[in-house]
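Labels run A, B, C and D following the written order; every chain starts at residue 1.
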Amino acid sequence: MPKKIRLGILGGGGDSLIGVLHRVASHINDNYQIVGAVFNPNHEQSVAFAKEIDIPTNRIYKDFDTLIEEELKLPEDERIQVCSVQTPNFLHFPMAKKLLDNGFHVICEKPMTMDYAEAKELEAAHKKSGKVFALTHTYTGYPMVRQMREMIKNGELGKIHKVDARYYQGWINPIIHDKEKRSSVWRLDPTKAGISSCMGDIGVHAFNLVEFTTGLKVSSLLCDFNYLYEDNKMDVDGTVLIRMDNHVKGVIRASQVATGEENGLAIRIYGEKGGLVWEQENPNFLYYFTEGKPLQVYKPGHPYNSEVSLSGTKLPAGHPEGIFDSMANIYLGAAKAIRGEDYNDCEFPTMEDGVRGMNFIEGTVASHKQGNVWIDMD
Amino acid sequence: MPKKIRLGILGGGGDSLIGVLHRVASHINDNYQIVGAVFNPNHEQSVAFAKEIDIPTNRIYKDFDTLIEEELKLPEDERIQVCSVQTPNFLHFPMAKKLLDNGFHVICEKPMTMDYAEAKELEAAHKKSGKVFALTHTYTGYPMVRQMREMIKNGELGKIHKVDARYYQGWINPIIHDKEKRSSVWRLDPTKAGISSCMGDIGVHAFNLVEFTTGLKVSSLLCDFNYLYEDNKMDVDGTVLIRMDNHVKGVIRASQVATGEENGLAIRIYGEKGGLVWEQENPNFLYYFTEGKPLQVYKPGHPYNSEVSLSGTKLPAGHPEGIFDSMANIYLGAAKAIRGEDYNDCEFPTMEDGVRGMNFIEGTVASHKQGNVWIDMD
Amino acid sequence: MPKKIRLGILGGGGDSLIGVLHRVASHINDNYQIVGAVFNPNHEQSVAFAKEIDIPTNRIYKDFDTLIEEELKLPEDERIQVCSVQTPNFLHFPMAKKLLDNGFHVICEKPMTMDYAEAKELEAAHKKSGKVFALTHTYTGYPMVRQMREMIKNGELGKIHKVDARYYQGWINPIIHDKEKRSSVWRLDPTKAGISSCMGDIGVHAFNLVEFTTGLKVSSLLCDFNYLYEDNKMDVDGTVLIRMDNHVKGVIRASQVATGEENGLAIRIYGEKGGLVWEQENPNFLYYFTEGKPLQVYKPGHPYNSEVSLSGTKLPAGHPEGIFDSMANIYLGAAKAIRGEDYNDCEFPTMEDGVRGMNFIEGTVASHKQGNVWIDMD
Amino acid sequence: MPKKIRLGILGGGGDSLIGVLHRVASHINDNYQIVGAVFNPNHEQSVAFAKEIDIPTNRIYKDFDTLIEEELKLPEDERIQVCSVQTPNFLHFPMAKKLLDNGFHVICEKPMTMDYAEAKELEAAHKKSGKVFALTHTYTGYPMVRQMREMIKNGELGKIHKVDARYYQGWINPIIHDKEKRSSVWRLDPTKAGISSCMGDIGVHAFNLVEFTTGLKVSSLLCDFNYLYEDNKMDVDGTVLIRMDNHVKGVIRASQVATGEENGLAIRIYGEKGGLVWEQENPNFLYYFTEGKPLQVYKPGHPYNSEVSLSGTKLPAGHPEGIFDSMANIYLGAAKAIRGEDYNDCEFPTMEDGVRGMNFIEGTVASHKQGNVWIDMD
């Protein structure tokens, strides 16, 4: 593997959740090094954040335009190669465009732009630039989603005839029912959030998965939104009938008022020979239905998976990817102890755990060898 | 947050799975920076690997002893602060001991040592050193395992009276039934693998979780191993009856011949007032039973969880921690494209996905506003 | 409980699955006794079937009209009180109507009639008759469906705002793709099957559950069918957008080409305060979501359930209703043995099982009392 | 099928749950007719109960001995052929023995006897009698349990090497912690309940399933009970290590203090080539693990199942057997209405449901045919 790619970050500072997600993801495969950033419109906070995450501060710029200007002065082999755009939605388009126009690759959060016209304009800029543009429709990175796509591509479902995707959340529920709140929150203000709340924020993920997994394009759609209240201006729920090529029909359902639902993205695809079902909250399980045979449950990391699914799996079968995070929590606990900070005694296993473990193992061997007798532990 | 902790790595080079896990985990919270290492007994390979993951090679030492020697010559504020020991099992003890003796903190893979005597010796060295020693019993890092511990601590189960842990894998199955293989594999050779295979490798994790979650100590045990074949010298399966303080009894079951099982670690704890069940392969779900009430399912990231559970959760409820990895797969795809390498067209979403997404969103709004009519997509 | 109700059966003879279902159901609560029937258009077969299930043959009539005529001659306290109509769909209306007109109660399979006009006519006949008319929308009998209705009625979801029902099957799949078959099967022939296949056969169940559980009425609908092939005349898949009173919106999805799906009826209802999800293939589990609290899983037979849910549960919590059938299988095995017929040796547990069971229990007591030693079984 | 078998019932009157279960089961396959009984030690109550369930009262005897005596006077082709013994445990042995000695077949609830000596004596009586003796280990009647047995028999797991069964309930929990209650309840009184509570009542079911599914015999066992309190005389929890023929080992776990558990019977069997897992509370799902292949989920009613599994399934795939009960609830509601009794309006679907259903179906057809427009319902 060659040297790490020089990465610039736009936005994502402080407590930004999307910031953590991108940063961790950029580290995971040892491919990227953050060399420059504008984490925050406030330059001081931007620098402070760089210190907090221990990144050299010399290329923490005061704003996006300065970043472009200064980086272009650097020799090509030092310059930022790709910028990750994690700013508020309305900035995605101008930043991505200027980056492409100036010869930078772009990794961009979704929604890509505020409307379709901007999208088409950005597409043109991209074509002209010859640079890489990656949109972070994160769910397409799951090994089992990729496996789904490959199985369909390989004809394991036969001709597709039915698609059904759902993205149900309940988070807007405490807001929508309060007249004061629903008229003031930026998410439900069309001047700030764009033309659609529910469909623009989450429905589009479901749409993307439908096209990603089937390899088919939606040709036409019919949609019904629900605003719940007369005075609410943005959709908080909607159902879309879709038609795809080749007599395929389907439905995309999205809701932000599905009370109690967390991040309920799920997709069902049926074809002549079989069906596939996947749910984001149990992302390691892919259900494969076939006529007259038992349901099969595919999981990551097995040789029966496609190459591209396996290439996205780093650990042996049965280890959910969450184990990275679990291990990270232990490293975090140890970091606190090393720095002499307070920590909860459950934050990392200690010497005592190790001693007891060896005591246990020796005990089991002794008990077995002595004819299954009781052994006291120290 | 202060500057990053200077981390040394012992082992974990090349394709080592445990190496990836530790490296990613050390990055996730922006706490550690790898400054030195002996990734491999072969120095050339060690240096090559450092280059591959883009770490400066000046502190890639030819062996462990040199690492200690050279690091001690550095000023304290440049020196490695903590070493992560990821070498084969028999090296854990000598390395950890020498590190502690020389004033380094230690993060150590399990099993901590080869036997109980070594463990006691290491414990003494640790006490004398005053340094941090963290053992990577990874499963204790899961938010829901920590939540389990806190709920029990807070009395939500009342007095505990029954514990039941299981760790079933099937991976040794293709080896054990082949006489040739079972007599040659190092895992089943007591001179290399230590006194126990199944109980030492995985049973001890189940044991650790029992003590971790209940806060109680196992006082005595009775064990029965299964070797399956007369000529096999190591346990590949075993069941342990346990007694804990206060009339608590329970059972720990471990197997490496549970054919088809991947990494089936599960724990059930029952007390006077309720029960808790957790399974590693669905780590975001914690099942809470109480007399006469509906089963409750706890998930990470909700305010109803304990502080320490929440501190280990970085994303909103409903986002499995695996989403870090999913996003990382997209960054990996983009990296391939940026470097001009081959990649599968599903490895990252592109401009086209973005354009179609905006087309979709505008289409849904138009369909709804025009009275739920069909809208063609471009 | 007074004497059993005198029940007449129309249809349901031979291997009819619907016949078994009705017959068993009528026995379960000791309420009904079958006293007369026309099991089959062929009178000989009808009589043979009566003998097979050991029902007196004197009131097995040659046809439906004769049944009415002859029963009316009997004194009222001997006469059939209620007829269960299990004939092909097109006979439901004329039979039900004539029964009501002649003073019989009616239990009728669905679809109630072939079209809406017949339905309205039957409704008028029913009103005039003063008799009981029960339509066997079977799924409303599940304890957890009834619990769902009661919880919504009691306001546990607050004001409803979203409903979503699915009924996916895959059974028509092997037929629809074969041009010969799809043009000849009665199910896809509008002259025999009525105006709709998929929506009429299964979609209507989903519709019924939506209205049953919410207590709200669908006020308008918009539907898109899929016929899959140009030459196919009946819907085999469809999606219906629905609007209910009070700004409630929702979707009903039905398919007979969801390959591999068995009987996938599921319903999700969301309201201001919570959500409820139920799936027919796991009918004993009702999932209750509430904002900010752990998911709760309701199961039958617990005091926390409503009275009407409990009244439909005959066994202690944790015993799926399927246990009736499991026990029935054992009775069936014993019947074969008693009659000297062939049977598989697993069809009922024998004396040997009983002896070994007692041997086992005594062994466990002995082992424990002697200090956890090994005890040989005989 | 020949005429129904003449069945006598001993016990099971009034609200007896076991009584309902046996009665319903005996009806389900149209094989049995109840012709005589002693439902209750109190003859008046026995007769009253017979009237309640509408059974002729002429053969409701005043006690068991009279039943034997009088039945023997009847001609053989009128006489009770088989008696179902549902009395308290201590009566199982004397009744079963006398029945066999007098030439009656026996269906007997478990535990078969109070101890092993009685069991051996009964075995001898059975052998001498030449009659059928069926013990109602109900769980062996589930189609998926039978499928499990057949798959193992057919070698689909290869040589078995590990068995693991669990039967966890929590019902005794509210009793055991109350000193007053635990010293007075008959279940924990050895003079009434026999030698074992937990192992005798439920552990023996787990034991039976282990032998039933594997076809192997337990050769020796080692057991540890938990009484929880010094003053409690009966086991309320226990774990049993078992050894079977051929180096098979395993564990049986049973508990009545697993708080919140309902009827948690589960079994896991692993062999050289695969594993099988089944759980009683989801009895229609059988999980089949094989090395290197996706998990397969077997369900009842499919042609891929064995003949004996299919013979125990009466309905198409996807219809849980609980649907019998669901339909029965609707018949019950209709019965109440027919008798003019009070009923909840959800107890059976009515004419209105039928009318609305037809309105819905016609609406969907109209909406589709008119180009997916909104149609109002009446």
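What we mean here is this: a residue touches a chain if its C-beta (ideal position, glycine included) is under 8 Å from a C-beta of that chain, and two chains touch if they have at least 3 such contacts.
Since this is a predicted model, take the numbers as computed values, not measurements.
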Pair of chains joined by more contacts [C-beta pairs], B-D or A-D: B-D
Label of the chain whose CA centroid is most distant from the centroid of subunit C: B
Chain centre separation in whole Å, for subunit B relative to subunit A (CA means): 22
Where subunit A and subunit D are represented by their mean Cα positions, the distance between them in whole Å: 48
Averaged-CA centre spacing for the pair subunit D and subunit B, given as whole angstrom: 43
Two or more partner chains touched - positions in subunit C: 222, 224, 241, 261, 293, 295, 299, 372, 374
List of subunit C residues in touch with subunit A within their complex: 157, 161-162, 164, 166, 168, 170, 173-174, 177, 222, 224, 226, 228-229, 237, 239, 241, 247, 249-251, 253, 255, 257-261, 268, 270-275, 289-291, 293, 295, 372, 374
Residues on subunit A engaged by subunit D in the complex (per definition of touch): 222, 241, 288, 292-299, 302-304, 372
